[in-house]
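A, B and C are the chain letters, set down in written order, and residue numbers restart from 1 in every chain.
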Amino acid sequence: MADITRHGTTPRWSDLVMHRGIAYFVEVPEDPQLEPRAQFEQLFRQVDERLALAKSSRKALLQVLIYLPFPEDLTVFNELWDAWIPSGHAPSRACIHTQLAAPGYRAELIITAACDAP
Amino acid sequence: MADITRHGTTPRWSDLVMHRGIAYFVEVPEDPQLEPRAQFEQLFRQVDERLALAKSSRKALLQVLIYLPFPEDLTVFNELWDAWIPSGHAPSRACIHTQLAAPGYRAELIITAACDAP
Amino acid sequence: MADITRHGTTPRWSDLVMHRGIAYFVEVPEDPQLEPRAQFEQLFRQVDERLALAKSSRKALLQVLIYLPFPEDLTVFNELWDAWIPSGHAPSRACIHTQLAAPGYRAELIITAACDAP
């Protein structure tokens, strides 16, 4: 299993796991005190940083599962999402309204992306 | 990332994403006005069409995550699912009752399948 | 699709699906009558057995999605999880509180792992 690369590894999770050209990561906004729009803007910036670390990009997203605990956030989330996704490169996507284990966060993304990192 | 193929790409999602022999897609029934059984029948036909587009098949399903927002639909969903899955080729499967971001739909499937398409 | 290996295949699901060095499996505790801590201990033993069958290990977990239907179980789940994860090898992880289709179970894990099995 020498071909697994991990970043930001804690006893509970890794911020990024890469294996044979696929990056796996889960993202929540760093600051759950922000209002929803600001949390989502922060979240997409974090995803960009994580993709850069993986030598990947927004154009290489394969599948994104979206957990949005507050249904009233869907419109603003989608507005920011649509602007963030590069034209012609949208991933497979599913979105549910479910309670997150971590309180306060307005969104959690489970991301699978192609990457060039080893 | 020249090795990613997308079909049915909108500003928000792609209907099908393929990368190195794996097909990623999310499916909901086309017509949320149908009663549950008819939605599920339609859903499985759509999955068959998507698998054909990916040069894959029901026998190549690797993992299916099932979102069923209405617990009372589980029995009829399973009846149709069991008939649809080819004997000896069932995927890894998980099923939860959760609220979908898209109202009216009685099921959403998150599918990972092996495929022969590039 | 000759390169897919399935174990524990029923008409509804397979206990383990492997394809090109990736193992996909979903795990719930065998005995939903046990109290939560005992269910989680049993669950991690089952995952160890499944990983062994796949010629994989705890060190090769790539992504784990955790469904915990009872929020009050999170503390004990995390205590056992943290002890079970090998230092420096934590996977990408997401955890939600959602209703499982199968009643009584206190946890369901959706696991993607690197494996040496064909």
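In this section, contacts are C-beta pairs under 8 Å (C-beta built on N, C-alpha and C of every residue); 3 or more make two chains touch, one makes a residue touch a chain.
Model, not experiment: these values are computed from the prediction.
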item	value
Topology of the chain contact graph, where touching chains are joined (line, ring, star, complete, other)	complete
Interface composition of copies chain B and chain C: same or different, split at half	different
Between chain B and chain C, centroid-to-centroid distance (C-alpha), Å	22
For chain A, residues that touch 2 or more chains besides their own	98, 112
For the chain B and chain A complex, residues of the former touching the latter	1, 3-4, 6, 9-17, 19-20, 24-26, 67, 98-102, 108, 110, 112
Chain C residues touching chain A - in the complex, by the definition given at the top	21, 56-57, 59-60, 62-63, 65-66, 68, 71, 74, 78, 81-82, 85, 87-98, 112, 114
